[in-house]
Amino acid sequence: MGIRTGQAGAQLIDVPQPTEISDDQVLLKTLYTGICGTDRGIISGQLKFARPPAGSDFLIMGHEGLAEVQDVGKSVKTIRRGDIVVPMVRRPGGCLQCRIGRQDNCEDGDFVEAGIRGKDGFMREYFLDEEKYSVKVYDRSLGRLAVLTEPMKNVVKSFDAYRTVTRRSIAQCGDGSFDCRRATIAGGGPIGILFAMIFRSYGFDVQLFDRNDHLGKLSAVSEKLGIDFKVSEGTGLPPNFIEGLDVFVDTTGSPSVIGRGLEGLGHNGCMVLFGTSSGGGYQLTGDLITSLVEKNATIIGTVDGSKAHYIEALNYLSSWKGMFPGVLEDIITQEDDPENSISALNTKVTGEIKRVIKWADQ
Amino acid sequence: MGIRTGQAGAQLIDVPQPTEISDDQVLLKTLYTGICGTDRGIISGQLKFARPPAGSDFLIMGHEGLAEVQDVGKSVKTIRRGDIVVPMVRRPGGCLQCRIGRQDNCEDGDFVEAGIRGKDGFMREYFLDEEKYSVKVYDRSLGRLAVLTEPMKNVVKSFDAYRTVTRRSIAQCGDGSFDCRRATIAGGGPIGILFAMIFRSYGFDVQLFDRNDHLGKLSAVSEKLGIDFKVSEGTGLPPNFIEGLDVFVDTTGSPSVIGRGLEGLGHNGCMVLFGTSSGGGYQLTGDLITSLVEKNATIIGTVDGSKAHYIEALNYLSSWKGMFPGVLEDIITQEDDPENSISALNTKVTGEIKRVIKWADQ
Amino acid sequence: MGIRTGQAGAQLIDVPQPTEISDDQVLLKTLYTGICGTDRGIISGQLKFARPPAGSDFLIMGHEGLAEVQDVGKSVKTIRRGDIVVPMVRRPGGCLQCRIGRQDNCEDGDFVEAGIRGKDGFMREYFLDEEKYSVKVYDRSLGRLAVLTEPMKNVVKSFDAYRTVTRRSIAQCGDGSFDCRRATIAGGGPIGILFAMIFRSYGFDVQLFDRNDHLGKLSAVSEKLGIDFKVSEGTGLPPNFIEGLDVFVDTTGSPSVIGRGLEGLGHNGCMVLFGTSSGGGYQLTGDLITSLVEKNATIIGTVDGSKAHYIEALNYLSSWKGMFPGVLEDIITQEDDPENSISALNTKVTGEIKRVIKWADQ
Amino acid sequence: MGIRTGQAGAQLIDVPQPTEISDDQVLLKTLYTGICGTDRGIISGQLKFARPPAGSDFLIMGHEGLAEVQDVGKSVKTIRRGDIVVPMVRRPGGCLQCRIGRQDNCEDGDFVEAGIRGKDGFMREYFLDEEKYSVKVYDRSLGRLAVLTEPMKNVVKSFDAYRTVTRRSIAQCGDGSFDCRRATIAGGGPIGILFAMIFRSYGFDVQLFDRNDHLGKLSAVSEKLGIDFKVSEGTGLPPNFIEGLDVFVDTTGSPSVIGRGLEGLGHNGCMVLFGTSSGGGYQLTGDLITSLVEKNATIIGTVDGSKAHYIEALNYLSSWKGMFPGVLEDIITQEDDPENSISALNTKVTGEIKRVIKWADQ
């Protein structure tokens, strides 16, 4: 059983269990897959870059996965039967960045992504993968929370990039901590909450806003994190959330949100662009350009993450279980069987933050 | 009640509870203090840099602390009564590094350290401190494990320095992870185990050795961590532990261990010097120098840590509770009342890894 | 004699030669000052941040200077009578960045700038300055070319920031050089040419465009540099200059130029914002945001430079005298006496790249 | 004509001019080659790693070259007939570092080096090379000084590594420059002088010492550079040259010099190991280890350089012609014809700094 997309919509299909395994492969039994905006964009046909594997006329969906190792090939060394792993999404091409395992920075676009472009994904009961793209989960107590590793690895890479670019000046405060620094996060989806958590865990004063509160869930999560939450109204952003900022993270892709955020950057401030969209617009003025120059501002677009970021993502998830009790659990708002997930794949419901599909018991 | 040292040995003394509190201060009730080699070196008079506060003829001991906030001054904003905090050891002087909160990198030696040089420490029931030197513990589930924050912040700073200096070349493997990199840790004290844990948590192949197994405890911990442990015999180091190394971390301070480790560094390898000692010796030869040059080797001495490193230390401890179940608990091998701790301060017992003093219930 | 500005325009005034000198001061005889867009913006009243020193009702102009040391105070050690120096523009306030000599990254705006805001400038025959703000010129053969140090230090800082932020991925090519990387520079003023030179000197394939050729001067300079030059027509940018770029440097401040440049950034590309303006506009769309995200793009605003950047600026100028014969000389297109410079300060003439005022023979 | 080495000593041999040229090759006419300690070590049979190309029983010497392009293959784009180039020494293997053009950091030793190991060198009238290993000299006014590019690229890489590793703390002074920082260079050979120049050009207070003054030449050069020079006597190093150092650069490979330098490192100090040797020894003590730890010291071994470092090396040489008049000229103390160079290759004469062989007129 698996979930495919072809011309339109998602369909449940029969997917046979693999019977042969190469020496460097692992046979994986899917436990959970997550659903995100990219999945819905593919299914609705809005993402032009989505494509089936070469020679196939459909694509098996799913890029956020969690799986149990059923069997391993002869030359597999670091992974054993019974291990829990997170499969990586993007697989390298031949460019300079890909050659060193940094396909997340691929410089010629010659890569494939499981469940997105050119490679079947993880929404099926069993699949084969290579050892080197299977990231082992050491903390078994994470349970289904480990399905958040894939979205989290994006956040880890973004934070890594943030740390690298802010070496332009002294990023920390006068006491050597980040306690005096302010970070505003636009958008309270799973990625936005994970961004709020990472900046909070380093001591930043964090602010989060969204167009709605997801049935009070964002307020509740924010209270647990010790951060401020506000609902933005119309095209207006919460005023004091966008002044003198050290960091502004956009997860919405909205040009007007980003434009307003850029206006709010303080000296040596950094804008992290993660969200994407196709609509909207914002007038970039000479005054805003001047402000970015005078303030030594930095803006970074960031996508995907490397294997090291997956590994660190798991470390963070383990850490936050204790540090922010209940918050990771709050992020997963729905769990479905594969059979019941087709409609979920088509439409996001009110109050949904992260919806997951359960394929098997752990 | 508190523990002081003067000319020789440690003594239990009466320490009155502070009655007045300044606007920027917090009143702290000590919960736990850890005992380390530095404490014993001070008490035995072997550490020449140890000194009482100016104007005092004794020093209250203790630099590894965990405390509960009893009261806060009027201008204190980030900390409340009932919070748990870790007090920082080193306090800044006026040099360039200190001015930005990096007294751990102090360039003129003009600093004080609580319980070590020029400032009374945390081995007393109550003490006053400044808000900015009190690092809040968010993860209450850590319990007494949070007393490991102070030693851990050293490890975090070392790892930070390791990451910085290894930007000289590509530190990761061809798959973007550290899975192919080997790290050997010399010395299985608390610091050595914490080093093993941090490198392990990033995916390194880790090896640990010590002169003895501490009653089998190091073997047990290593098994839980999935790393190799060996007992070194005489002056000999475990042979395959010191070949083609990407990282060698010394926590022993022994010149012969370090010298042998330097010989084992591979290309672009990094030696982390953390341990200190006053004895021993190793003949640095032209052949070894040549090897370090040809291999683009890096050696870093590293001491103390900044406030950001304390904060990250707490993040790691939270993470490792789940990732390496029981290991942090295994590190704390003894717990005493203050009254029973005087002899513990004088002598390390067989099988001891980290001994702590309990001052009050949490 | 000196040049001041008050409410409107520039005036020649008497400025008495300083008669007393403090222990840490140097008495400087001005040799050359450069004129730039900022000077003209101040004189025409368009730059709102321009202001006289506290307590004065006018400002002595000039922030690009070159001077000869006439006398030194008793405690001055590194500078002697007869030395040639470049005086620094920006002087630190009390913030974290300023405290370590990085007032170019000042985080609270509490600084002064000679000839611009709150401090008299260098357009006068003699002035006193502190030793630490006087950057010594070692290469006497530079002659008046050393007056380009001040604009060049901006370029050095920008390049330094570029190198820092592009550590996000591998910036070099597969052969370890920058030979395969493309950089486009928008605007052929002195700063634009200096940017072209720095990227060219590191092996980049460089492209320069401007709205006009400055009487053929930009074509001539570009030929000497081995770079491509094109005149942009109307609002159109030269098409192949803005595709698949590794670097786009804007010195115009024009939102439409910048917007088009952002569209042309390739994977891991970097936009350097240096120019400022108050007019124009560009519609930032969701598609452009998405492209910046998918490409891991970086945008940096950058202003001013630190003392180390002044020192490196002089190194580069020395280097380029031999490497690009005649080009630095070509940048200085006019030289006036102070008496004849008032009209020059008001209006830029056709074919002008950098105009300088000569105050005394070297 | 060319110079080979086989079992013992150097011999002049006939080397035929290449007659065919592949598409990606350039035909080079040698202008100058430099002689260094490595050449003499190979000829005397002391360097065990030296070896002829596979299948040959002798090695053509020469790794410091300067050549004129005689002809180019059909696909060569960036280099033309008549250009002057510096050929690179080390050619990549297949490891991770080599794959991105950083064979200078090769992690498996699988590389060849022209004139040293596994590849014929540049001491012959004509040779073929690939375009990508030929670094173009833009500054024709350098003349024969450009033969210093190869040794200089080592210095550039070392300085690059120094800048990278010293990001551990603030490397600059309180005024943002390096003016307060002290660097001591051990050994006044060509490499030592070039190290003195690079640190001097960034404003460091530089000290140079050697066992002798090379007939007064080091004193003369030091005076021109504005640095201190002293002759070390017996095993003693100049006392005030090794105290509170920010940088100590060793070009001698002598363990006792290095050991004494390590003792002299100040807080956050950096030891750069470049020189190699096979003799001598120094007792590494616990006290020295403790000092390195307490001071957050860094020690880096560094060898070779990447193509970008060759390019920067040429920039520095151009810069220093004007900044330090006559010094680069002073480094080249002897010039011979190939016929007269055989004895020069065997023995270093008194007063020699860098000896070069002239193969053809430029």
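Just so it is clear, A, B, C and D label the chains in written order, and each chain counts residues from 1 on its own.
Everything that follows uses one rule, which is that contacts are C-beta pairs under 8 Å (C-beta built on N, C-alpha and C of every residue); 3 or more make two chains touch, one makes a residue touch a chain.
None of these values were measured; they are calculated from a predicted model.
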item: Contact-graph distance - origin chain A, target chain C; value: 1
item: Chain whose Cα centroid lies at the greatest distance from that of chain B; value: C
item: Distance between the centres, which are taken as Cα means, of chain B and chain A, whole angstrom; value: 34
item: Where chain A and chain D are represented by their mean Cα positions, the distance between them in whole Å; value: 47
item: Centroid spacing, where centroids are CA-atom means, of chain B and chain D in whole angstrom; value: 41
item: Chain D, residues touching no fewer than two other chains; value: 96, 99-100, 102, 104, 167, 170, 173-174
item: Contact set on chain A toward chain C in their complex; value: 96-97, 100, 102, 104-109, 161, 164-165, 167-170, 173-174, 253-255, 258-259, 266-268, 273-303
item: Residues of chain A that touch chain D when the two form their complex; value: 96, 99-100, 167
item: Chain D-facing residues of chain C, complex; value: 78, 99-104, 132-133, 138-139, 141-142, 170, 172-179, 201-203, 226, 306-308, 311-312, 314-316, 318-325
